[in-house]
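Chain lettering (A, B, C and D) follows the sequence in which the chains are written, and residue indices restart at 1 in each chain.
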Amino acid sequence: MEAVKTTAAHEIHPMENVLRMDRIPHIWCPGCGIGIAVTAFAAALEKANIDLNKVAIVSGIGCTGRVAGYVKLDSFHTTHGRAIAFATGIKVASPDMKVVVFSGDGDLIAIGGNHFIHAARRNIDMLVVCVNNFIYAMTGGQVAPTTPLAAYATTCPFGCVEPPFNIPYLADSSGAVYVARWTALHVRRLTNSFVEALNKKGLSVVEVISPCAQYYSRINRLGDGLDMMRFYHDNSEIRHGEDTKNLDIGFQQKIIMGKFVDRERPSYTDRYQDWLKQRKVGM
Amino acid sequence: MNPLVTAFKKGFERSGIKPSRISMPSDVLFEPEVVKDLGVDYFHVTRGRAIAFGTGLKLANPALRVVAVAGDLMTIGGNHFVHGGRRNMEVLVICINNYVYRKIAGKTAPLVTVKFSPYSTFEEPFNIPHLGNSCGAIYTARWTALHIEELAESIAHGLTKRGLAVIEVLVPGPDYYNGIGTWRDELVKFYHENSEKRDGEMPRNVGITGESKIIVGEFTDKEMPPFIDTYNKQLSAVLKDKFTPYGQTNGGQNG
Amino acid sequence: MKPDPKGVLTGSHQLTGNQACAEGALSAGCRFLGVYPVEPAIEVSERFLERAKAVDDATFVQMEDEISVLAAVLGASWTGKKAMTVTSGDGLSLMMEHLGLGVMLETPCVIVDVQRVGPGLGLPNRAAQGDIMQARWGSHGDYEIVALAPSSSQEMFDHMIGAFNISERFRVPVMVMADAYLAQQKETVVIPKPEAIELYPRRYYEGKPGTYLPFKRDGDYIPRMVDIGQGYKFHVTGLTHDDRGYPVMNEECQEYNVHPLVWKIRKYVDELVDVEENGIEDAEYVVISYGTTTRAANKAVEQARSKGVKIGHLKLNIIWPFPEKRVSEIAKKIKAFIVPEINFGQIVSEVERVCYGKANVVFVVHGDKGMEDPNDILVAIESVQKETQIKDGVLEYQGA
Amino acid sequence: MNANPRDVLSGTHYIDGDVASGFGALAAGCKFIAGYPITPSTEAAEAFARVAYKGNAMFIQMEDELASVSAVVGAVWSGVKSMTITSGPGYSLMMETFGFAAMLETPMVLLNIQRGGPSTGVPTKTGQADIMQSRWGSHGDYEIIAFAPESPQELFDYTVKAFNLAERYRCPVMIMSDECVGHMTEKVVIPAADRIEIEPRRFFKGQPGQYSPFKPDDDLVPPMAKAGDGYNLYISGRAHNDQGMPYTNEEFKLRCIRRLVDKIKKNKEKIIELREENTKDAEVVVVAYGISSRVAVRGIELAREKGIKVGQLRLVTIWPFPDERIAELSQTAKAFVVPEINYGQIAFEVDRCAHGRSNVVLVPHGGAGVHNPDDICDAIEYAVKHKEPLEGVHEYKTRLERKVFEEKMRIAE
């Protein structure tokens, strides 16, 4: 850190107090959207004015899994798909922490799908940021549970044969209290969503549609990151409060964004506390 | 004989499918006699893996009909459930839900030890039909263990569905864990009396809150291409005549 | 450091192994239990929740599967709470990946394995000792682990405290290898006064935020910890990492990171060794036992002695690390070791290894009863006396 | 029985080990692979996915490793040969269902391309630290067969052989390769189909009525049936009798579990495959497997140049372990040198079988790289010089270790 402090004021990164400058440059490819999501998140942390000492961030494995390593908070880089489970432990054991899970679609929805729906059901008080790039990028472009039908991936050399998940619908139906989706292009709205979600009590899910210039776009001949951004710009539509069941994303189809769910449910910790107080069932 | 098994037997018969064509992976231990009586191939698998196991059975031999009976479905097996639904894998999932309700229709349910309850008692349960529907199941229904006729109908219908069908069965107590057989009659009755039949109800509204009655019935029933069809469609589109559709010859297996 | 009196239920009680386990944990200051219900270990969570009323800061969570259970336990441990989980064979198999993470993040926690017959679903209510090697080798990659084996409810209580102390001392997950028989057996357990219990406090880093290195090792190879939420803003990863906890993917760092994981136990073997010896001095034959088999072994040894056989008994309280030195020493003085286990030969192969051809090694496989039978051990003792020279490999005799 | 020409991509290829293994599976008649992407094993899955349609086989990417291995066991019981592909962390996840497969005596193949561990470790670099896990990783007692190929060609050959042994002994078979071999691109010759020997599944011939799934033939291996043939199978992961009926606690018997162990132990000689070089009169025998055995060759050359009589024993099958052969060698050899990319796993097995007659020197390596042949040579020299018995595996201090701990990142002692 010293190195950074000695540099001239104008050279100091505006996010320096949220990012681990000693880890920059990061590993993400040019044209990737994860960095944008992180910046938006960092900005949201400031806006939401919460005590940064009381925020823990947990990531799984994958490109997005590396986020924890670049954010200057108590940060944990855990095993594949188990970020939410790990975070659950943190939240349950010390309820005064604000816990954020920042990971990718493959990590959270494929191998971690079970923890995703259960955390939502339990309504563990945490923010889950799911960066969805439609593919496993870290391992080199395998099919993900979000890969649109007929899109190509290395383990689907003849096109994806499985319908993708509609993440907001899944989160909604398993009980998340706040569900939103934005693309990496809509930074300002994304930031605001983060702020709202951070101040929400219960499990919030924010899906960030992000370009993967290196694998998804290349394998499917969709151009570079900029082209993807253009595509988002031309083919995304904001529909707040849209019924989550209409939010499927087809291959190069229109992307519907917005805040879809915002409701109240008692969180796990609350339930546990009053259950302890007034339970009769001998367990 | 255990009412559930009766329903299974009736259902299998009515479906008109030879029992020998039916495979039944399950993390619920069925007594040998029961299986003999049903005449199906039965696999007692690791907790929660019935659907994943069934996926293997079905894909390796598409001629099979697979009935996955799941006790730990929504706990350990939750992931396999949602992904099975997404793929629309041709598996009939019978979810034996022994969740112990604290309050039903305002009354307190008879106490049953929560030992094997998939949920600690202070947690809210999943709305299984809703979750199933939201991740792509093409048929969702819920019955209590006393709706034998309806359950049998559902099973018969579910077996003919080409895709993931899920039937939630409310059974009392943890006892299934030690082999289906022992029952808590008063609780079965209790469920039965406090349930209300509402076919075609929106899955979103059939959650078991503890305040209203248990809503049972056939909720959704739609058509979606099953995994193998999508697979064959996609590959023949790309590979043209180089590709022999999978499952027709099924790699020399009993197609 | 003395325990918080709230957790200590001082007095003499009739407790099953499971209940003793919960009591031991609470006395040791454990305040987080993560479980997924699996026979025969469920009673532990019941007891823990029962007591959670009195011990207000005790938290409990039942997760969706064992995988998430251990993940949650590791997370909880970093909040500063002593955390544990309890499971059985198939649960333990699911925990293997996170056991590795626990080792890599050097996170103190305790895993109680109430062993049942395996593999697969095995038999839920039958005692076995089939997970012993799994405890040592079950996760991928190279590491060293500590595993204790209680043989009675009282030991269950004591070992729980020991386990938590060791895990805090060495920053390593510790296994307690109980079994179904022990877990369901009701016995007298004497719980001492709080002031009579000694706890090893977590080794905290005292320095200022910004100066903390999560994996900077002290002279004794053990790094220090901090709790989250204290402003240290540290980073830890399951990837190969340097002192800062940042991933570094090269040979040197792998060596730098992983070798100490092995050392920090291997270099302290002598400190960790915990065996109970009985009549070893003049013995020609020695029975080595651990866990519940000790009960059968004790009987057999007595009977053999009464018949005038010069026989001693070596009981392992800590299985891993294995007390190599001690066993080798004894091997030089005696004719044969007799090793009864409720499995098909796990610790016995360790004994065979460290004998270095100085003594015969006899394995007593348990009969169909599923529990060790003293008579089987006696038969082994008698038969091995007929052996004239030392044979390669492990000897087996037909049981009674 | 010979391989089906449709499945064999005969010819000379220039491919990496992962791909070779994928092709090997197809050639062996594997009709179903369920996998989940994990570096460095993914290429094998990708290769199979590309060619599966030629053999009318199916590749499916499941939601996680647990699902993959469960699906594979299911596929086997519907009568097809089946395999799954993974690496360290995925391997750990598979442990429960893997024990279940052993209990069901399921003939399946599991390819583990090892990487540096523990936990996430170094995904893109090599390791050999899952060796003991492959033997002991699941709870309860069972025996397995494990291969350690040292080249892409061997990855092809032994993938085929793994399927054959799996069918022969009706048990899960492991291919414990490592990232180096998996990502090493070499010439691989795939012979014509009629040159590839395939072990067909031993199906039960009799009437459905008389079939008991776990009633062994004389070789302790029971014949199989498949789902959907009217056998009314009752297959349980619980401890079961020959008919597959789960035991109640009362009439608890161990025969079923005992046989899982015996059917491998008793057929050891038939299974074990070793390669030996000048072990006859060797003072020192280098015991190695996988990539380490290739690195060792150079170390041995260096030692020979110094006039030391060194032999090499290469473990092609790691499990079951060749106890007897090591014991024999310990009669003549002064010492064993065991280079492996871990901190001592097979070395302890060798130490056990040497029965104190010869010393054992371990040349450790943390992973993320391979040994320096000079280290192996030095270890050999040390082993020759050191006359008196060591009692315990001697861990040789490698150049890397010295570099890391004495020069670079020294720990405050």
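Everything that follows uses one rule, which is that contacts are C-beta pairs under 8 Å (C-beta built on N, C-alpha and C of every residue); 3 or more make two chains touch, one makes a residue touch a chain.
These numbers were taken from a predicted model, which means no experiment stands behind them.
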Which chains lie in contact with each of subunit C and subunit D? A, B
Dominant interface by pair count is C-D
Centre-of-Cα separation between subunit B and subunit A, whole angstrom: 32
I'd like the Å distance between the centres of subunit A and subunit C, where a centre is the mean of that chain's Cα atoms. 38
Could you pull out the residues of subunit C that touch at least 2 other chains? 46, 60-61, 64-65, 67, 90, 97, 101, 120-121, 237-239
Check each residue of subunit B and list the ones that touch at least two other chains. 44, 46, 75-76, 78-79, 83, 123, 231, 235, 239
Subunit D, residues touching no fewer than two other chains: 53, 63-64, 66, 89, 96, 100, 119-120, 236-238
Specify the contact topology among the chains shown, as one of line, ring, star, complete or other. complete
Subunit A residues within the subunit D interface of the complex: 61, 77, 79-81, 106, 110-111, 113, 136, 138-140, 142-143, 145, 154-158
Along subunit C, where are the residues that touch subunit A in the complex? 31-32, 34, 45-46, 49-50, 52-53, 59-61, 63-65, 67-69, 71-81, 83, 97-98, 101, 210, 227-239, 246-247
Which residues, counting only subunit B, touch subunit A once they are in their complex? 75-79, 82-83, 86-88, 102, 111, 114, 121-127, 130-131, 133-136, 204, 227, 230-231, 234-235, 237-239
Can you name the residues of subunit B that touch subunit D in the complex? 18-21, 23, 25, 29, 32, 35-36, 39-46, 49, 52-61, 63-64, 79-80, 83, 231, 235, 239, 242-244, 246, 249-254
Using the touch definition from the top, list the residues of subunit A that touch subunit C in their complex. 1, 20, 23, 52-54, 56, 58, 68-69, 72-79, 82, 84-90, 92-94, 96-97, 114-115, 118, 272, 276, 282-283
